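The next part holds the structures, each set out as structure tokens.
Heads up, the next two complexes both have chain A, just with different partners, chain B and then chain C.
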Partner chain A sequence: MTSLFGSRLTVINVGIEGFAAAVSDVGADVIHLDWRPPAGGDGTVARVNAMLLGDRRVDAANQRAMAAFLAVDPVVVGVRKASTVISGLGTHEHRLLHAGPPIAVAEMCGPMIGALIGAVLFEGWAETPETAEALLRTGAVNVDACHHHQAVGPMAGVISPSMPVWVVEDSHSGRTTFSNLNEGLGKVLRFGAHGPEVLARLAWMRDELGPALHRALRALDSGLPLTPIMAQALHMGDELHNRNGAATGQLLKQLAPALVRHAESSDAAARVIEFMAGNDHFFLNLSMAAAKLRLDAGSNFEGSALVTAMARNGVRFGIRLSGTGDTWFEAAARRVDGLYFPGYGPDDAAADLGDSAITETAGLGGFAMAAAPAITQFVGGTAAAAVANTRRMEAICVTRNEVFSIPIIDFASPPVGIDARLVLDSSVLPIINTGIAHRLAGVGQIGAGITSAPEMCFVAAIAGLAMRMGHDGTGPIIAAPGPVST
Partner chain B sequence: MTSLFGSRLTVINVGIEGFAAAVSDVGADVIHLDWRPPAGGDGTVARVNAMLLGDRRVDAANQRAMAAFLAVDPVVVGVRKASTVISGLGTHEHRLLHAGPPIAVAEMCGPMIGALIGAVLFEGWAETPETAEALLRTGAVNVDACHHHQAVGPMAGVISPSMPVWVVEDSHSGRTTFSNLNEGLGKVLRFGAHGPEVLARLAWMRDELGPALHRALRALDSGLPLTPIMAQALHMGDELHNRNGAATGQLLKQLAPALVRHAESSDAAARVIEFMAGNDHFFLNLSMAAAKLRLDAGSNFEGSALVTAMARNGVRFGIRLSGTGDTWFEAAARRVDGLYFPGYGPDDAAADLGDSAITETAGLGGFAMAAAPAITQFVGGTAAAAVANTRRMEAICVTRNEVFSIPIIDFASPPVGIDARLVLDSSVLPIINTGIAHRLAGVGQIGAGITSAPEMCFVAAIAGLAMRMGHDGTGPIIAAPGPVST
Partner chain C sequence: MNPEVRHRIVADRYRDSLSLLALATRLREVVGIDGASAVMATPANLETVVAGGFTVPDGVRPNDLLISVRGTGAACGEAMDCLESLLAGPTGRSASVSEAVVPRTLREAMLTNPESGLALISVPGSYAAAEAAKALDLGLHVMLFSDNVSVEDEVALKAAAADRGLLLMGPDCGTAVINGVPLGFANVVDRGPIAVIGASGTGMQEIIARIHRLGSGVSQAIGTGGRDLSDAVGARTMIQALTMISEDPSTEIVIVVSKPPSAAVLDGVFSHIAALRAHGRLRIPVVGAFLGIDAMRLAGSEVIGASSLAHASDIAVALVEGRSPAAARQEPLPPLVARPRPAGSRCWLRAAFCGGTFSYEAQFALAEHGIRVAANAPIEGNTTIASPEPVGVAQWPDSHAVLDLGSDEFTVGRPHPMLDPTVRDDFLIDAWCDPSTAVILFDVVLGHGSAAAPVGALLDRLIAQRGGCPSGDEPIAIAHVCGTELDPQNRDAIIAALGGAGLTVAGSNFEAAAWAGQVLRQLELTSRLKP
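Moving on, here comes the complex of A and B:
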């Protein structure tokens, strides 16, 4: 086994042992911690967390990580074919990217398998869904997490080499992140659909939408800065995870003239504008890439308890901390508590899915819910609860993002920077606004709601950070857990 | 003198006698009421108002008027040259329309004179500003209120025969209203500027913008219904008077594809889209025309105390009631209490100006301010005050507009339907969010703020309605006012 923290694919599995085998199947190193939650927080984890809370090195590292996060200026500079910009996704590598922490094909949920089948068909690596699935199950097509390639994707989050991707660049450091283009609602790949209309839309996005957006962006001198659009959208009822209508409108306002001037034809320009105007989620993928760009800048600060990723693969929820590098700390993904579309209910739902919780990790989505009281029509709850959710997240965040403000709370800035120590200490879990996918491939979205990151992820992360920082080593945590709650 | 209520141009002047002469100068019949406010509301007006409050005929008439108001479905069906659609504005009539109640040229404020000079130049009726002003001052060019021609215009509100105007139609009754197209900020006609760049922009709006919008609207089967756009905008931080960015974005989303498909060239389409995208107030004139369309439907219900217009000409503020036909009840226009742009202060300000208070009359703007807490950055105050303003307007409104809702107050609908009796009874004056014009022609907007309709307008209106409804006749009101407050 390699060093616990040296390898990108080290996974610490806490609790249910069955997960560990699955993770090791995909080639990752796995450490299984036979841990169970302490009663009332009065156990070893609470004691270790108290040590970390008293450790000034962690506070100092958090400050440095947050400064790096806040210094980022995300600018969308182009739309490129994934294979030409994403490392490890060359056209001859037969690799596909998916949402969440790494997961073996054998374990995947319906929507994710369906989306991967669609991507294999889209790439022309197979002719039928059956042969596509066989390629995946035999390992002839490699799969990996988007997050391992500076990318993020909503729901199944599948990115294949030929797909167009947004390129978002930090104007200061030149660092980049990527996300796919949003397909809209209905039968779409990200919910696992892969019928002819889905593949036809993907081909149009590759051949017309992507190049048109790229030409428009190149016509703007230095790309399109995303922070002003996002700040404005927070004044217009978006929280930039499940409400992106205002940001999409701002994007359209800024791109449409250049789109028209540089289109191949009037009809092509009209089709592109119609597609963007008809999909209020179109900006979501940019919101996600901007969030990841900030969080990547805040990553790898030795000792920092800052959460740098929250992601779900439909089976497990994983988080990363700045101070523990690329290690994923995982727990079972939850069902989402929400409002279902007519004809659907909780039994139809897949578990929590997608990279889109990167928005909450960066202080948007549920953390900025006070900006978007209208979202309660979509995810449930009351306007007062929306405001209260933002207020509650202050308890687990280290600062506020001063580039944003929320009018209804007298222009207070939303909280940002989840400190894993504060999550355990307060028992306030990060809130996530999210869509609900049907558990079967291709049915699509069946609702939306509110969920939270599982506490067990934070228990594992704090254990990992404590080991690394020399607080009591691993012994007591693993060997002497608090009494099991009965 | 014609019958008090038979003529469209009858004006009841209450209080300062100087106004009466000015109004009669423009050919209107004037009745001067030598009234002064009662102390503590315990005078004749309060007594007469109490009689009207107890008069079930008024309640019943209000109900019928509001039902007509609420039944309207405003749809923008085209953009036409004003002379072809607005009666009395034929190209050979040498007439110009302006905002507010009627006013003689000799009395007008700077921005309004400046705008009229610009319109004379734009029409080619004169070659220089000096000769244009002479034409206006000698009466060779006739001026009349927009409201007398089913039209409304923000600030100076000048509409000339060649200008393109929005045509907004009630899909049920076929009734129409009109408004000019918004020019954006900076040097613009509505603030009295009339330099070459202003006239060039007006020419472009006439030759390219108007026809392009018209072709796009005609390409939509039955025009573009405005209520869904306005309802959505109220969920996105607009109050549809001083914040129209979301509504403008929705308008662009819906029109852009047809604009591109039916443009004369890609460059023309790009120019039109750029102009709309660069002006967050572009939707204001549609909001105003939709408001007037609803209020016109609620007009002329015998006995109703419903306020059907509030408008300012920069000198006087005028209101109309449903139950008193086309009579204007006027008082001196107020200064606006607001935030000034750097370098300007209250001494630079023109008095309250423009037809845009038609939005508040229809339950938008200040009445829907809870939907737009971000507006406090523009007009002053706190988010809590914005919510409180909407709540306070409930005291003077007869119902709520159920087609709209405001998320932050748990989707409550905004109050609508100002009852003049309730204004006097509660001493709650209708709130108005508005821009502040410089008092000199052409300087432009120098701030924005909050004002309210003058109480004296409501005193005069209630006196007029009481006479008409036979409550104590005119004698006691005019001859026996309450004791003057000292």
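Moving on, here comes the complex of A and C:
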């Protein structure tokens, strides 16, 4: 609170622009807001959102959720067969996991169906793609969202019982999250390809890569802490969603001696190291699992407007809030604005797909874009645009993640913790750096670019939170007297 | 015609895959090019080149940069020309990484400017209360210019503001000057020892502009919003502002001004002043200009009563200069001389105001001369103009009439006449052309936010009506210009223009109305004396 009289007055002008000029004419400081009607112009939601913004219970819950988020220390402790560590993925349960909010098989997009077919074949539940698809469509094989099983996967995000998965553990609480191993580019399962070479690679990952990584990790005393690698990578030009080259290099550097020492043969060691070195996105799945681990810690704080998941299933984009339990708030998934590989264009693209937006939800990717200016080339941008994107995300974040810093913005920490109230208030939508999948199964990645979370998800989420917190839009616009405390 | 294919190999030149994708995209934008690829010629990348329908030239090595285009011969030539500058790339000399991000929300503005003290809110009414609530939660004082805020929201906002020790001016607060900074529709005035607290935008403008013209100045001008002195709101802002002003070391006199207030609420304001005095917190004189409140009501209230807006300024300046308030007793009106008298058939007053408070004050001044009028916002004792037919189009009733052109029926779907005086001009020209018009009365409001040329169009139309030379039979036109010579429109220049066109310019709104009353009274007497 400032004393109004006798001090130098700085005015924030909201509305008629001419009033700002009158203020600056007399030499006073004025900030003219680039204001726009909140909640996309829906007056009722805008009013309810203003009430939530003034509700101290929400702020307090956000603080508790963020504290839990920031307290997490993600450490990769092993690579295990999914069926042995992920609940509900037992060999006899005939269940597969996929990216995004839950979706019926009948609604799924091409790449996701293709990937599920590949997983059925990989598990040996069917001999041909046709019978595999029939098993899926008749419900003989269950599907569920990775997010419902402490797991995340990029693009189609398919995880099957015998796949190797990263096990990332919070060294304080012992809680764990999981992600599959990254297959590289080209014809790969996560873009829906399921030909013999795809299945052969998956088998090699199961039989040689996974165990080799596991032995190397076990050889390190208490696993490999991920935060130092991620902090370093942000200094080296990664944003840890669509650019992971530096982090992959750091991972390889840390694991290489143990990989060699505990390899079954020097050839086997060379195959593993070559595979990791040949895939700049190898670290992505660890970045995602670490993000998921932090966000799970921030989940289920009653009243909190913190966004704890953003995920896409290729048809719909879904978000979850800490204060609304397991509910998904969904809207149609968008197209991605970006650059296409030779021979492809926007007409070939699938809608936004994958769990990898968990990185943005945790303050990486688009939110840390200032660390990776090269990413903005996807949309013809400049280094300044990368910085502006990170700065812009401050408008919708609860705090900054002081564990990380970004050189180009004078080592400031990137914003973290999306508050759904702030998204609706500012109409600043979370920015997401992402790959573009071909809309047909198995073609693969055809480009990369930038997209944003649909505003309608946040409108629905705020309506849900407001209902739980007892705001129906009819009460006073501001609590009086004084803020409510809990 | 078969498309042509051309390759360009740049030996041992490394470019990252992203910038090469961007480069290929630029090449595809050349008209006539239907395919382009740019890659480092690694075996994996060459597969994508082949997949894109190109052949791979012989002799290319993994560390080479390979660019391929396909299209018409001319297009391929053009693409290869473009390529040279694309490969050269930007110089980087003009690069800046500090692209400004303009804040969209109050919270965002506070992140970068935590010293901000006040939010000036003028967004549409349906969003205004919410913005004010957010501002208060961020610890900002608020001037709420917007109207169409519900009474319930107003009361909640004012209670919350008081609870947080913050001032909420408005809603529908048109004018304020805080620490010398003009907010909303405000005149440019010198700083000085006089504070004004008002539930009336133009009323405050009249008072502060006159203080400036009398050679003194304004410490603070605090708008409360037009509804503040209603029973529902209970003068919450005025009472809080009085407390704040009592603690402002730069204020030596305070003027309180309002349109006709609720009697009970006025008593509440008086008791607050008395309480502040009793506790030794308010040691400065309080001057009150409450339109329509009899001076007797102020007896014993510790408030010095003023008989008009201008009179309030006169009293305050007299006190500043160490003279007694009685020294500011209003001078008798100078007679209107050397003006053509209206001929016999001219009998009606036609008054059109942009400022609502001016319309009220004029009606009270006219009533003192026994002139009763029809008005769209009548004071007690006056009649209401039958609406909507005569109102909204430039047509006057057959009676004395006073119009407040800033009221809702005139501003639906068009700008307020202070912003665009066309509607006022229409009424005034219609009155000028009407042979029954005896006196025309109007205001011109200057200052930030008001029309840049408030009388130009009016005078052009008036001169056109006269046909070049003033005739003997014209109505008397009396204007009042609210503003200062420092305002963007410059009051001196506006007065010179009005005078040059043969209009009479009064020193205040009250004086203009009193003059009109005097003339009308004389006309009535004359017509009665005539057989």
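Basically, the second predicted complex is superposed on the first by the 427 of 486 C-alpha atoms of A that agree within 3 Å, B and C clash if a C-alpha of one lies under 4 Å from a C-alpha of the other, contacts with A are read in each partner's own complex, and residues count from 1 in each chain.
Everything that follows uses one rule, which is that a contact is a pair of C-beta atoms (placed from the backbone, for glycine too) under 8 Å apart; a residue touches a chain by one contact, two chains touch by 3 or more.
Here the structure is a predicted model, which is why all the values come from computation and not from measurement.
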Practice prompt. Pick one for A:Ala46: touches chain B only (first), chain C only (second), both, or neither.
Written response: second
Worksheet item: After lining up the shared chain so the two structures overlap, which partner does A:Thr382 touch, if you call chain B first and chain C second: first, second, both or neither?
Response: both
Worksheet item: Is A:Glu264 in contact with chain B, with chain C, with both, or with neither (first, second, both, neither)?
Response: neither
Fill in: Touching partner for A:Pro407 - first (chain B), second (chain C), both, neither
first
Worksheet item: For A:Gly343, is the partner it touches chain B (first), chain C (second), both, or none of the two (neither)?
Response: second
Discussion item. Per the contact definition in the header, classify A:Ala374: touching chain B only (first), chain C only (second), both, or neither.
Written reply: both
Worksheet entry | Partner chain(s) touched by A:Gln250 [first = chain B, second = chain C, both, neither] | first
Item to complete: Answer with first, second, both or neither: which of chain B and chain C does A:Arg392 touch in the superposed model?
Response: second
Item to complete: Check whether A:Glu197 is in contact with chain B, with chain C, with both or with neither, and answer first, second, both or neither.
Response: neither
Worksheet entry | Which partner, chain B or chain C, touches more chain A residues | C
Response to the item:
So the chain A residues that chain B and chain C both touch are 373-374, 377, 382-384, 408-409
Item to complete: Would you mind writing out the residues of chain C in touch with chain A in their complex?
Response: 16, 18-19, 21-22, 24-25, 35-37, 44, 48-49, 51-54, 95-99, 101-113, 115-124, 126-127, 129-137, 139-141, 145-146, 152-153, 156-157, 159-160, 163-167, 178-184, 186, 188, 219-220, 244, 247-250, 448-449
Worksheet entry | Touching residues on chain B, where the partner in the complex is chain A | 232, 235-238, 245-246, 249-250, 252-254, 256-258, 260-261, 263, 266-267, 269-271, 273-274, 277-278, 372-374, 376-377, 382-384, 407-411
Worksheet entry | Touching residues (chain side chain A, partner chain C) in the complex | 1-2, 4-16, 18-19, 21-23, 25-26, 28-29, 31-38, 43, 46-47, 49-51, 53-54, 186, 339-343, 373-375, 377-378, 380, 382-388, 391-392, 394-395, 408-409, 422, 425-428, 447, 476-483
